[in-house]
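Pasting the structures in now, so scroll down.
Okay, so chain A shows up in both of these, paired with chain B first and chain C after.
On to the complex of A and B.
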C-alpha cells in the first residue's frame, strides 16, 4: 500500500473521520436550522450539545447501551431547551444573553458531574457495533468509511430528507418560515407564534443533545469536560449559511468534519506535517468558509427578536 | 362560504357587529373612551379620525389583537369575548391591517395556506380553487406562485383582502388600506370594496383621509381623541352634497378651530412689506451625489428675510442633496453659501447651527430624533454639551426639563412628560417636537424638507402655521416639498428642481401653478 496523500489508508481515515466529526455537526446544525427558521437564534446549542454528550456518555457507560445513551442525550438537550423556550420564547428575554448563560452553565455542570462521577479518570466505551449495509459496505474505500457505521449515521442523513420534505411540503414548514420572517403574519393567521417557536426550540434541544451524545459515545468514545470545543457554534454557522436548506447543512457538516479529521488522516497517511499546523486547519477552514460564503447567509427577518403580540 | 350569502332583507335590519362603550387605556393615554359603533351587512362603514384618535386600537380589539378594559362586543346579537385573532377569524371577522401581515418570502399560494392546523395535509389544489373563487368575487387576478415580495403593493394588498375573506368572512375590516397605494391602486380598491358590499359583506373602512371616507363610506363615524364625536347615517349622507358632507365632518373632527386662511393672510402681509436684506445666498452650489450632470453650473438662489422660498419638484431630483449641502451634512464639490454676509461653506454642521442656520429633516425618526431618548433630550439633540443645559460636560436635568416643558407647551406637543421616550409619540407629535427644537433660539434661516409629509390634516395645518409665523418673525425660509399645493399655499417665490438643477424660479402669482408644473416635467425651462 503506497504512502502519502491519496493512499487508501489516508482516504479511508479521512472519510471515516469526516463522518465521525460531521454527524454531531449535522444533528445540531439541523436542529439549529429549525429554530433559526422560526426566528430563535439558539446560542445555547453549544451547552445543549455538551450536556447531551455528558448524559449520553454517562448513561451508555452505566447501561452499556448506546440507544439508551442517545435517549439520555436527547433528554438532556430537551431540558436545556425547555429553559431556553421558557426564558426566550415565553418571557421574551434576550436570546443571546440566555444562550450564553446556558452554554456557560452546561460547561460548569458537566465538568462538575464528571468530576464527581469519574474523578480524574477518563474511562472509554467499548468499540461501537456497526450496521454494515450489504453490498455497499464491500466497495473499496467508501464502503468501510461510509456504509459500515452506527445506525445513527443513517438516521441523521435520513433526517435531512425528512426536514427537506417538511419544509417544502407541509404546514409545519410554512409556520416555521412565517414565525421567523413575519411573526405577526403568523399570529394574524391564527397560529400561535409562541407555540411554534417553543416546539422548534425543543426540537433543537433534542437534536443537539443527540449530536453531543454521538460525539462522546461514538466519535470519541470518552467524555472530556468542554469536549464540544465550539462544535455548537460551528453548527450555528452551518445553519446560517444553509439558507434554510437541510442539504447544505449536510454538505457543510461533512466539509467541516473532514477538516477536523485531517489531523488523524495525515498521520495515518504518513505525511509529515507539524501537528500544530494540522490542528490549526479546522479553524482556518472556518475562517475561509466565512470569508467566502458569509455573504450568502440570508437570515429570517425576525431572527433573534422576541415576539410580543400587538407590538411592532 | 355559506355565511356570505346573506338574506338581503334581513341584512339591512340588524347590525352584524355592535361595539358598546369600549374603553381601552394605555400608560398615559386613553386610546378609546366609551366608543360605541355598529356595523351592518352590505354596508361600508367609514371610521374617520386623525392619527392617534384611537382607530387602530378599536379595530385591534375587534380583530382580537387586544382586549378592551371595559365595554362589550356583540356579534350577530350575541355578546362575545374576542380573546385572540383566531376567535375573530372563526367569528367571520377578517382584517386587513395597515402594516402588511403576509410573509414576503412565501408565495401567494403559500401565504394563503398559512394558518391551517399543522396536521392538515397541504392541499394546493383546493387552495387554488378557493383563490380563484374569491378572486372572481373581487374581479381580480393574482400570480399564485410568485413570491409575495415580488408583487406590487397594490397586489399585495389584494392578497391581504383575499386572505381576510378566506374563511367565508362576513365582516371585512380595512385599516388605512389606501395609505400605501398609488391613485390607480385606490381606484381599483374602490371597485373591489363596491363588489364586496354588493355581495352582502359588512365593510369597516378605517381612514384618516376625509375625501376617502365620504367617497367609499355609506355611513361615516368620526373618532377624535379616543371618543366618537359623531356619526352620519346613510340617510343623512345621501342627502348631503359631497362638499357639504366634508364641511360637516371637518366640524366634527376639529371643532370650530379649523381655519385654512392663516397662510394666505401671512403671505399677503409679507407681499405688502417684503424683506430687504438677503439672509442666505447659495451660489453655484454643487452638492456631492446630486443627480446633476458632471460639470453643471450648480444651484444658485438667494432668500431675503421674511421670505418663503419654495423649492418644488418631483421627489429625487436633488432636493435632499441640496438641503443637506446647505446644512453642512453633505459635501459640496463647488460653490459658496453666504449666511448673513459671512461665508459658511467651510463650517461644520454645528458651527452653521450656531450661525443661525437650521435644517428640519424629512427623515424624522432616522436622523431627526432618537426614539429611545426622552422627549426632553431630543429637544436638545443638536445642543448637547452647551450651557446652560450642560456644565463641564455634566447634564443638568432641571434645566433640560424646564426647557422641555416650555417648548412642549408653546408647540402643543401632546406627551405625558419630558421623560417619555420620543418613540412613544405619534407622527404628528414627533414633527411638533422637531419643529420646536429647530425653531428654538432665534434662527436666521431655516430649511424645511417635506415638513408635512405623512401627517394628518390637523397637524399639517399646524406645521404650516408654524412655518408662516416664523417667516413673519423674520426668518428666511427655504421650503422643500413635493406637495405642489403646499408650495403654492406658502411660498413667495418658487424654484423648481429637475435632475439636480434649478430649472427656473417664478413669482407665486395667479399663473404660478401652471408654470411650476411645466418646469417640473421639463417643459419651458428658463435659460
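On to the complex of A and C.
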C-alpha cells in the first residue's frame, strides 16, 4: 500500500466517482420519489434509464451536443413513461408486470440497436467540458471533484431544492401525497387522481431518462448493452428509504455512488479487491440499511394499486 | 357480446357452450402471443431481417429437428421448476423477483459439491443429496427478504431484487476464489463427469430432470389448488387481514412461501448443472427468472398451462439462438418478444375484464 488509503489520489478518485455514479441515481431517485408519492411503483424505471442512456449517447454521438443528448434521453424516458402511464394509470393494469415488460423491452431493443449501430466500432464520446465554479473549485481534494463538473450535476442538486419546496410548500406537493395515501380524498376534493398520477409518471420518465443519459454520456462516455445494471432498482430503494424527502435521496445517491465507484478508487489507492466483491457493495448496503431501518422505510398506502373511482 | 348461456341455449347446443368454456381462455392466452409475434415481425423488418425466415428457423431448429427438439425438452426442466417456484409465490401474493440469484447460487453450490461428493459416495445418493442442498441454499437466500416482509412489512419486490444481484455476484466470487478449478484457464468450477450426471432417457440427450420438473410442477399445482395448506398460502395473498382473523400465523406462512418458492428456484439451478452443464463458468447467468415471470402470468398461475407456455418459450429460446445467428442479430430479440407478449397479455386481460363488466351491467 504505497499510496495509502487516505492519500489525495484515493480521495479525489472516490469523491469524483461518487458524483459520476451518484448523479444518475439522484435524477432517477428523485423521479421515482415523485411517482411513489403519487402511488405508482415504477419498476420500469430501469428500462427508462437504459433507453435514456441509449438515446442520450446516440444523439450526443451524432450531434456532438451533450445538451441535445440530455433532451433525447429525457424524450426516450418520456416515451417509456407514456406507455407506463397509459397501461398502469389509465387502464389500471398490473404495475409490476408492465414494469418488468418495459425493462425487458428496453434491454432487448437497446441491445439490438447497439448491435446494429455501434458493435463494430464501440465509439466513445470525448471528455466532457466542465463548468468550474470560481473559488470553490480551487479547494484541494474536494474542489476538483465537486465543483468542476458538467453543469448537469449542479442542475440535479438544484432540483433537490426545487422538489423539496414543491413537496412542502405547494398544492402540487399535497396533491401528489394525497394521490398516494388517500386517492379517494383527492378525488373528493375535485382533483383528478388519474391526471395527478399520469403527470408524476411522466415526470419520472423524464428524470430517469436524463439520469440514464448522464450515465452513458458523462459517467461512462460509451453505451454498452445492459449498462444500467440495476441502478434503476437502487433508485427505487433510495426513494423508498428517503420517505418522501428529496434531501435524503441526494445523500443516499452519493453514498451509493461512492460504493459503486469504490473499485476504481481502491485501485488508485493501491488496493486490489476482486471486482465481484466490490460490485456487491451497493446492494449489500441497501440490505443493511433496510435491516437497520426496516421499520422506518415507509411507502404510501395506495402504492401499486390502480385507482378506480368509487371502488373500495 | 358474451352473456351467460340461458337454459334454452344450453339445451340447443351443449357442445357449443363447452367449446366456449375451453376456447375462450385458450384464445385469450394465445392472442397476446400472436400480437407479439406480429409486432416483433415489424421490428425485425426495421432491423433489416426477414421475419418469415426468422420465425421459420425458430420452428425448424427448436421443434422440427431431433437434435433441436431434445435441446428444447432439456431446456424445459429448469424453466418448469422456476415456473413452479413463481406459482407458489404469486398465488400467495408475494413477489419473489429474486429467483435468478437463488438459481445461480444453488447452481454454483451444486457444481462445487457434486464432483467432490462422487469421490466418496455412490452417484445415486449424491445426485438427490446435492439437489436437497441446492434447495436449502435457495431457501436460505430468501430468508432475509422473507423475514423483513413478514415482520417489518418491507416491500419484498425490492429486497428480493437486491438479494438477486447479491447472489449473482456472490456466485461469481465463489467460482473465482474457493471453487475455482486450478486445471482450467478460465475461472470455472470442477466438472462433473458425464457418467455421473443425471441419467439420460432412452439414449437421447434428454435427462431425467425433465421428468422431475414435470412431477414437481404438477405437485405444486395440486398443492396450491387442492389442499388446505395451499388454501392457507393463497389466503396470505388474497386477504392477509382475514388470514390473521381466522388465526393463521401470517409471518410463518410468508416465510414458508418464500422458502418453498426459493427452494424450487434452487432446485432449478441444480437440475440445470447436474443434468446439462456439469460445471459453472464465471459470469454464466442465463437469467431465466425475469423471462418466466410473464409466462406464469400468461398461464394465470395455472401449473398445467405453465407447462404449455414453458414448452413454447423453450422452442423460442433454442430456435431463437439459431434464427438470430442466421439473421446476423444478437440473441436479444427474444427479450423484445417477451416484453411485447407481456404488454399484450395485460391488454387482453383488461379487455376481458371490461367485457365481463359490460356483460354484468
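Convention: the second predicted complex is superposed on the first by the 302 of 312 C-alpha atoms of A that agree within 3 Å, B and C clash if a C-alpha of one lies under 4 Å from a C-alpha of the other, contacts with A are read in each partner's own complex, and residues count from 1 in each chain.
The criterion applied here is as follows: contacts are C-beta pairs under 8 Å (C-beta built on N, C-alpha and C of every residue); 3 or more make two chains touch, one makes a residue touch a chain.
Not measured: the values here are computed from a predicted model.
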Across chain A, the partner (chain B or chain C) reaching more residues is C
| task | Please indicate which partner A:169 is in contact with in the superposed arrangement: first for chain B, second for chain C, both, or neither. | result | first
* Check whether A:11 is in contact with chain B, with chain C, with both or with neither, and answer first, second, both or neither. => neither
| Is A:34 contacted by the first partner chain B, the second partner chain C, both or neither? | neither
In the overlay, answer first, second, both or neither for which of chain B and chain C A:213 touches. neither
Item to complete: Based on the superposed arrangement, let me know which partner A:227 touches: chain B (first), chain C (second), both, or neither?
Response: neither
Original post:
Just chain B (first), just chain C (second), both, or neither: which does A:253 touch?
Top reply: neither
For A:84 in the superposed arrangement: first (chain B), second (chain C), both or neither?
neither
Q: Quick one: classify A:186 as touching chain B (first), chain C (second), both or neither.
A: first
Listed in rising order, chain C residues that touch chain A in their complex are 43, 47-48, 95, 144, 148, 152, 154-155, 157-159, 161-163, 165-166, 169-170, 172-173, 176-177, 290-291, 293-294, 297, 329-330, 332-340, 342-343, 345-347, 349-350
The chain A residues in contact with chain B across the complex are 169-172, 174-175, 177-178, 181-182, 184-191, 309-310, 312
In the complex, chain B touches chain A at residues 60, 63, 65-66, 84-86, 89, 95, 97, 99-106, 110-111, 113-120, 122, 163
Contacts from chain A onto chain C in the complex sit at residues 41, 43, 83, 87, 91-94, 96-98, 100-105, 107-109, 111-112, 115-116, 119, 225, 230, 233, 236-237, 240, 274, 276-277, 279-280, 283-284, 286-287, 290-291, 294-295, 297, 299
